Amino acid sequence: MFGRHGDGVDGQKTKTRAKPDTPVGESTPTQGAYSTIRLPTVTLRIPDRDVAAATITNVTRRFGRRWALRGVTLSIGPGEVVGVEGHNGSGKSTLLRILSTAIKPTGGEAQVFGADVVRQPTTVRGVVAFLTHYPGLYDDLTAEENLRFACRMLGVDFGRVPPVLERVGLAREAGETVRTFSAGMQRRLSLARLLLQRPRLLLLDEPYNNFDPAGIALVNEVVREVRGAGGAAMIVLHDRHSAGDLLDRVVRLKQGVVLTDGPAPIVGDAQTSTRLTDPRESTLIAGGAA
Amino acid sequence: MTWRDEWRRVQAIVWKDLTTERRSKAGINAVVFMGVLILLLFGFALGPDTEALRAAAAGALWLAILFSGVLAFNRSYQLELDGGALESLLLYPGSRWAIYVGKLIANLVFVLIVEAIVIPVALVLYQVALPPGWPALIGVTVLGTVGFVTLGTFYAAMSSRSRAREVLLPLLLFPMLIPVLLSAVEASTSLLGGDPMLEAGAWVRLLGAFDIIFLVASLLAFEYVIEV
Amino acid sequence: MGVGTVELSVAPARARRSTGMLIGLGVFLLLAATQAYSISISTPDRDMGHLQKIMYVHVPAAWNMMIAYFIVAIASLRYLWKGREKDDLLAAAAAETGALMTGLTLALGMIWGKPTWGIWWTWDARLTSTAVLFFIYVGYLILRAFVDDPDRRAQWSAAVGLLGALNVPIVYMSVRWWRTLHQVQSSPSTLDPNYTLSLRINAIAVMIVVLFFIRHRYQTMQLEAAADAMHERIALGDRGGINA
């Protein structure tokens, strides 16, 4: 996992539309600057370094005429929590959706714990839990029924439902239809569905949206648990403060390529939030390297 | 994945779709109302002559079923699209055909319930007396409905996610259903008349062949349709 | 880099265009020749007079639409199997040509039917099943028009094209039964040897026209797809700062 950028440069695929060379080349210097700092902290947490939690090699994805991803190469080690940042349309969600097998990459390849997302989707689906933008719930079913449906689909015993509801603080509303829920409650229920399985890779797409402080703490607790069990997480976020000290690394995407990739504390805390709103994103290349 | 796992998923989807449908009764009420309305309109269009109505009964009934039933298929996917549930549904481990079969069975139950109300109304409105061979009529109705729902569930997976979905589904579906319409109407008409020429058997076989061919084809092709 | 790619791809396209025009000219000259030959050697029909000559286009169009639909089915199957964009474009090109031929068959059949049978339309088995076929493939083309994403359009229309092809024999059979059971007899048969020969050579000429149309539309669609990709690459190069 340590040589992930080197892999990306070598791994040029025959897919003609991928243009990985320049973007990867651009982020290499920043990477080099951080690696010395990052190595010890990561090594401490890794229980099993043989199989990466996720490897993304030169992945591209086209939607109609639009290229959402234009050659992304990343690797996530077991026990690693990676934040993904970037403007709207920079390809963050697309990257998560590819790892979750919701969509197939146009070019390149990706593996989750050694299973290929295109060739072994069923295996990948067994280890990945994806919290999408959308609630992904059925409005006319109650909270409990929604989870029971998920249990049936996952092949999990119904006995898991009450403790999970308890955990996300919806035990009292278990019998009410989701239609009556607030956005935050729906979000909690979506999170509850992820807890039914024991995921090894958590994919969270803006998980802090609609959550109150208690909800945010809950999300972080779940991430820590997965990490503690040797799993990994990828979190798309706009506000890094919610994640606290959870992030080991932050990857910034811009227009479908990796702009920067480095340990979370160094890419900047307070300044980042102002930079995120800066439309002249290009200054970040210089800013990140400085 | 074993067959038992897949069957469990099929059951879960059937249960989920039917529970949702039961909670929002608006759907089935509207569809039944539509079916009865079409029967009534045919009555007006064909005139009050009882003989003419009786002769056209099977045809009018099947058109009422097709035009009202087609409203149900897009709804079945709409409920997946509303809260972004389709993506979550596709991310559960398991085969895609289980999703298709689940939706197919739920839609089949839905359309059969609609028929259970619309058919008696048709018999009353068009003054058709049930012939002694009425169980065979039910068999023809079920076979025709299976063909209708098989293709309807398949094409709605596309139309519900395209532009102009209300128009697209009938445009794709109805030309494909002409063999079903012909066999169901001809078989029912001849059964209602006591099947003097023994024609119904051939039509029933055609209907059965249609059902099997398109059930298999849809099962195989569904994966390609739902995944993009 | 973008500019270089444009120039590279335009030159062969231009060459292909002139070959295409030459082939097209040849194809239509051939069709004109076979038509002229058939019309000159045929004597006016006893019942229908010169009207019968409409058959020299009507019948070949009806035969050749089947070739187009066969290509749709094969290309759709291959697309689902291999997932290559060109199979999708070939299926689309064949479906367009097939629908055109079916429309021509129907229109000429009606023009012929009016003076012959005194009616524009009759529920004749062949006429009816051809109309159903027309609607099935127009549905296919409408689906293509309603879906914007190329991958989705390709995958969906391949499935629809395959199911449509599967239905063709069933439609024919059911419509034939439907008519014969009602004991309605249709088209009177004429069997003049000159007439048969004319039908055959015109069928071959129309087949060449059909293949030319499919080839032409296929190439046009490929160029369109290439142009889209190129636009995209240029836009990204300018905006994304990748090659800055």
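All chains are identified by letter, namely A, B and C, in their written order; residue positions are counted from 1 within each chain.
Just so we're on the same page, contacts are C-beta pairs under 8 Å (C-beta built on N, C-alpha and C of every residue); 3 or more make two chains touch, one makes a residue touch a chain.
Source: prediction; values computed, not measured.
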item	value
Category of the chain touch graph - line, ring, star, complete, other	complete
Reference subunit C; chain at largest CA-centroid distance	A
Identifier of the chain whose CA centre is least distant from the whole-structure CA centre	B
Interchain centroid distance [CA atoms averaged], subunit A/subunit C, Å	48
Rounded Å distance between subunit B and subunit C, as computed from the means of their C-alpha atoms	32
Centre-to-centre distance between subunit B and subunit A (centres being mean Cα positions), rounded to whole Å	42
Multi-chain contact sites of subunit C, meaning residues that touch two or more partners	148-149, 151
Contacts with two or more other chains, residues of subunit B listed in rising order	227-228
Subunit B partner contacts - residues on subunit C that touch it in the complex	80, 132, 135-136, 138-139, 142-143, 146-149, 151-152, 155-156, 158-160, 162-164, 166-167, 170-171, 173-175, 177-178, 181
Residues of subunit A defined as touching subunit B within the complex	97, 100-104, 122, 125-126, 128, 130, 132-141, 145, 149-150, 152-155, 177, 186, 193
Footprint of subunit A on subunit C - complex, ascending	148-151, 228-229, 231-233, 236, 239-243
Contacting residues of subunit B [partner subunit C, same complex]	151, 154-155, 158, 162-164, 168, 171-172, 174-176, 178-179, 182-183, 186, 197, 199, 202-203, 206, 209-210, 213-214, 217-218, 221, 224-225, 227-228
In the complex with subunit A, residue positions of subunit B that touch it	1, 5, 8-9, 11-12, 15-16, 19-20, 23-24, 79, 82-85, 87-94, 227-228
